[in-house]
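Below are structures written as structure tokens.
Both complexes below contain chain A, partnered by chain B and then by chain C.
This part shows the complex of A and B:
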């Protein structure tokens, strides 16, 4: 177990290092951030001064090593556009994204697990068919379509604030997070419902469930206590990985709802060729994904002792 | 947990099997495709046919391919022709799906979008399949340091968000259909590489590979003639599932204003152009038709992939 964690952590570090290199190359390939573009003319001497100020006149390998050194000392630099410390921008957006991810996962789990259990326990019933049909359809719907339909029909209605949010309106975070979280949750909930149904059906066929029933336990206890625990294992894995993806920022959803999280920040940074912000957000996202995948692998072994790591 | 049967070794039957497995390759250098003979194909089709959703999916995919090939003959209007005097018109007898924000015939634009979706979907999947299969086969066959390097590279690309990577690539190469294909393939090959590696690892130790090696076949020949035909089926099924994902990813890119150029009627682009009308009553046809087209396409490919998986491996039926 210890060896496994050690080896997987080593791999995780390698992956994050690889991601820093990849994003460094990608932001370099985006081109000169201080060059003149159509409507923004920059005198060559100012562009050169800007490049020198941000170290872009150095050879690439030196730039990369400096960037890595700064990254590991927690120095993310300032952004090209407003000269704001990137760490401040992350501090402002990361909590929003974390809230969004957690609320989305919560909605996922509630809808997905309940629907999956009902479908499995009452197999071939109307409810089962309904869950199967709805979850199949939901998987085919891209998240931006869901987002648009929600914006078109529900923004400004009841507790949901208008999108984009007016600066004259004060909205508490739990109202603002609802619609985007729901948009993110629908597809994942459909996956979880299918996963839950399949795994519950498999568990219900096993011997120990027959034993539990033979002992005369109530159906409620058999399902809620004995079957539920084991059938949750694949769902836990899925949720973990899904959370890792969401923490990196839901770029589409956050952009549609103009939600001030890392995804929307990343979208604006890419549009503005703002390399320090791009690399910070991407590395943060990769880190979140890698850490949660690692966590899921370890958790998996704890939940299911039959699985031997190594 | 399934337990593997204990490895059998040294019985006379084994040597006969090895000889039988080796014989066709030595006698017929051009290698007939024995693994999927006509009997097996009709068997697969018989199992596939039983699944009604899979048949529906096949119908949808067939329709899409038909639209893609005959697009110039089906579209009632040019999908590019703008008419700024007749924009955002609701569906009518003349314009079945109405007109879009630039006054283009929505029906024609949707059909043109189908052509783009099929082209980009197939090209991207073919390209990522090629990258994935080559890297996966090499990693699985060689093992050791080569395997480690390739697999860690795969991990990096897997952890890198697909959409972000694709946006960065498209912004580097400029808007266009080819950059979109390259971008999506560059960040979409990882799973086929992993699948291919797993398959190769399992087949590498098989007796017919040993037999091929014993008669002096080169690594290259063993991989391409012996391992590839036997390993490819699950990778192909995965690739097929992925076409839907690619179509959504392309639409997402153009929805963010980054994929194909603005004047090309791509589904995601059609939706993003109608953004100012999202909350305007009576204008929902502007985004509803392209959105519906994307959903139907994704579902079609998903149904086919599901049916194909069940048909190829009957043991998996009823899972999930």
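This part shows the complex of A and C:
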């Protein structure tokens, strides 16, 4: 187990290096962030002074090595636009994104797993057909459509806050997170329902379920205790990966709902050619993803004793 | 430098959305204006009259996230909006262009305008109680001019003696600023400038207290202590909002009426839409609108007096490569200009939200504005053809037309291309490139053809149009080097240079305006060094049902210091 975690951490370092290298090359190709402000060229001396201040006068490989060195000592640098420590920007946005991701996953799991179980257990019933049809529909509709429809129809209604609203109007985080989380959850919930249905059907056909039934266990126990645990394995994989992706920032959803998370931060950083912020958000996303897939692998071993990590 | 690009990009998506229609109407409109409307574009609305106010009220508006609110680097309209509310400089510029005292009670220049003396009002203070004196200004200017300050706007100080030395790091003080007498600021310039007082209206000329932080210190830059009619209420909450409250001990001018100003920060991409939504749901008292909704918003709000329309500080134009074929003669440039049907595009693509320009210097400067000085800004395909033949712009000649992508410029530039091809038979090489590439391409030695451009002045003077865009000194490079100034077209005419230099050195305002006019007649009327297209015009929805005295200032922001609740 320890060896396994160590190996995966080593891989994570390589992935971060690869990702930052790609971001570096990409943002370098975008051109000089200090050459102009708005429609006007910045005088060359001032642009040069700013480039020097941010180390952009160095050759690209040196910039990259310097950046990596700083990164591994925890220094994410200062952003090009507002000259604020990038770590502050992450500190403002990460908690919001974590909340959004967790609430979205919670909604996913509740809707998806329950719908999937019902569909599998009552196969070919009306409920099963309904789940299949609705999930196909939900998977087919792009998230921005769902987001815009929700904003247009539900914001300002009941517990859902108005968009836009004056920033001084205080809204508790759980109210603010509800609509974007729901927009994010709909598609994932549909996927989970289908996964759950498929894997539950497979498990219900297996020998040990027949044995359990033959022993005279109640149907509730057969499903709830024996079938559920094994059929959750693909769902757990999916949830883990999905959570990893959500933590990296739900760019479209966060932007539509003006939700101040890392996805929205990334969107702004890319529009503003703000390389330090882009790198930092990418590194954060990669780390979140690697960590979550590590957790998923460990959970595997817990859910299915046949899987050995080493 | 400020805002034009941001504003365009913010509206890009929405403009594109309205384009299918535009394609049709643009063709039906070409040539004869058959709509029966007297003029193209939405007319300007009258300023809201000044009325006596009473303290109270909270004014709320949306904004995009500024680059900086600290004057050392406040640059776009949204950042300047906060900086000018929390800082007061030497002079103030009113919405009608009048210059009135700020912290300075009066000012004067020596005979050749190279040494300026500003007498300061006694006893004005910063928000922390510290007195504003001459040293406060020197401190602020040096903080921005210092090497490593990171300021992108410090070049507005470059006329002051000692600026170059500070930029290079050779000096730590501006030798041209004498603050030895706390009540008098004496400024020595490197060259005569009889409009220097207008320059000091830029926020980078703000005073700062001794408690100022470094430009990297977010404790100060996110909550600047200023001397303006409003002060920060807490820190700038990034991407959330900024709250300002009235500074009750303000004595540099009239105290503000509003209790507070609440600026809610919205995403750039759909900021205008959200401001509009927020105005409609009662969250905001001042709002922009997405261009396709302008007509609808105007119809709904103009009867109630909530619609504001104003031609502001700015011009949209084509930079023309003056020194390279095929546009290296005035006839060729005039042929191009005469072949563009601005009215058709204004109606078809912009649905009336842009007004064709007939001059470079905008109507914001009534004393210097010359309606129609650009004679070739009318639409006359026959005359265009005649001049084109004369200039060798024969059918089939290749002409480059470049614009920047992502700014909503695709449709109207495509319409221009179509008109040039139809009316002159040119072969237009039409290219969209990222904005930084556009600047590089137009500044490169040997650049040819037309480039989409926009300009807004930093100081309220016609000179800030004519000199940066057209003076030989603003090329800043030899013919084989990239342009370093803003005269991308490399226009150079000694007669013009002489007129603007004389205007700069003229102490008499009427004479100065006359010289600006003469200069524009040469560069635009005679030489057409660049091709004016649209006068910048701004539209806002304003809550005149709840507030009096709302007007739009030089930076296209509400006059927060004057607004009062009804």
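Just so it is clear, the second predicted complex is superposed on the first by the 289 of 310 C-alpha atoms of A that agree within 3 Å, B and C clash if a C-alpha of one lies under 4 Å from a C-alpha of the other, contacts with A are read in each partner's own complex, and residues count from 1 in each chain.
One rule holds in what follows: a contact is a pair of C-beta atoms (placed from the backbone, for glycine too) under 8 Å apart; a residue touches a chain by one contact, two chains touch by 3 or more.
Predicted model only: the values in this text are computed from it and were never measured.
*Asks:* Now for A:31: first (chain B), second (chain C), both, or neither, which partner does it touch?
*Replies:* Both partners.
*Asks:* For A:137, is the partner it touches chain B (first), chain C (second), both, or none of the two (neither)?
*Replies:* first
*Asks:* Would you check which partner chain A:195 touches, where first means chain B only, second means chain C only, and both and neither mean what they say?
*Replies:* In the superposition, A:195 touches chain B alone.
*Asks:* Which partner chains sit in contact with A:7 here, chain B, chain C, both or neither? Use first/second/both/neither.
*Replies:* neither
*Asks:* I'd like to know which partner A:282 touches here: chain B for first, chain C for second, both or neither.
*Replies:* first
*Asks:* Looking at the overlay, does A:255 come into contact with chain B only (first), chain C only (second), both, or neither?
*Replies:* Both: A:255 reaches chain B and chain C.
*Asks:* Would you sort A:88 into first (chain B), second (chain C), both or neither based on which partner it touches?
*Replies:* In the superposed model, A:88 contacts chain C only, not chain B.
*Asks:* Does the superposition put A:266 against chain B (first), chain C (second), both, or neither?
*Replies:* first
*Asks:* Show which residues of chain A both chain B and chain C reach, each in its own complex.
*Replies:* On chain A, the residues that contact chain B in one structure and chain C in the other are 30-31, 156, 255, 267.
*Asks:* With touch defined as at the start, can you tell me which chain C residues reach chain A in the complex?
*Replies:* The touching residues are 1-6, 9, 60, 62, 65, 67-68, 73, 75-76, 147-148, 150-155, 158, 167, 215-216, 218, 221-222, 237-241, 243, 262-270, 274-275, 277-278, 281, 283-284, 434-437, 439, 443, 453-456, 484-486.
*Asks:* Under the definition above, what is the set of chain A residues touching chain B in their complex?
*Replies:* Against chain B, chain A makes touches at 11, 14-16, 18-19, 22-23, 26-27, 29-31, 136-137, 139-145, 148-149, 151-152, 155-156, 194-195, 197-198, 245, 248-249, 251-252, 255, 266-267, 270, 273, 278, 282, 285-286, 289-290, 293, 306.
*Asks:* Can you list the residues on chain B that touch chain A in the complex?
*Replies:* On the chain B side, the touching residues are 1, 53, 152-153, 155-157, 159-161, 163-165, 167-169, 171-172, 244, 248, 251-252, 255-256, 268, 271, 278-279, 284, 287, 291, 294-296, 298-299, 302, 319-320.
*Asks:* Which of the residues in chain A end up touching chain C in this complex?
*Replies:* Residues 30-32, 34-46, 49-50, 53, 78, 81-85, 88-89, 92, 156, 162-169, 255, 258, 260, 264-265, 267-268, 271 of chain A touch chain C in their complex.
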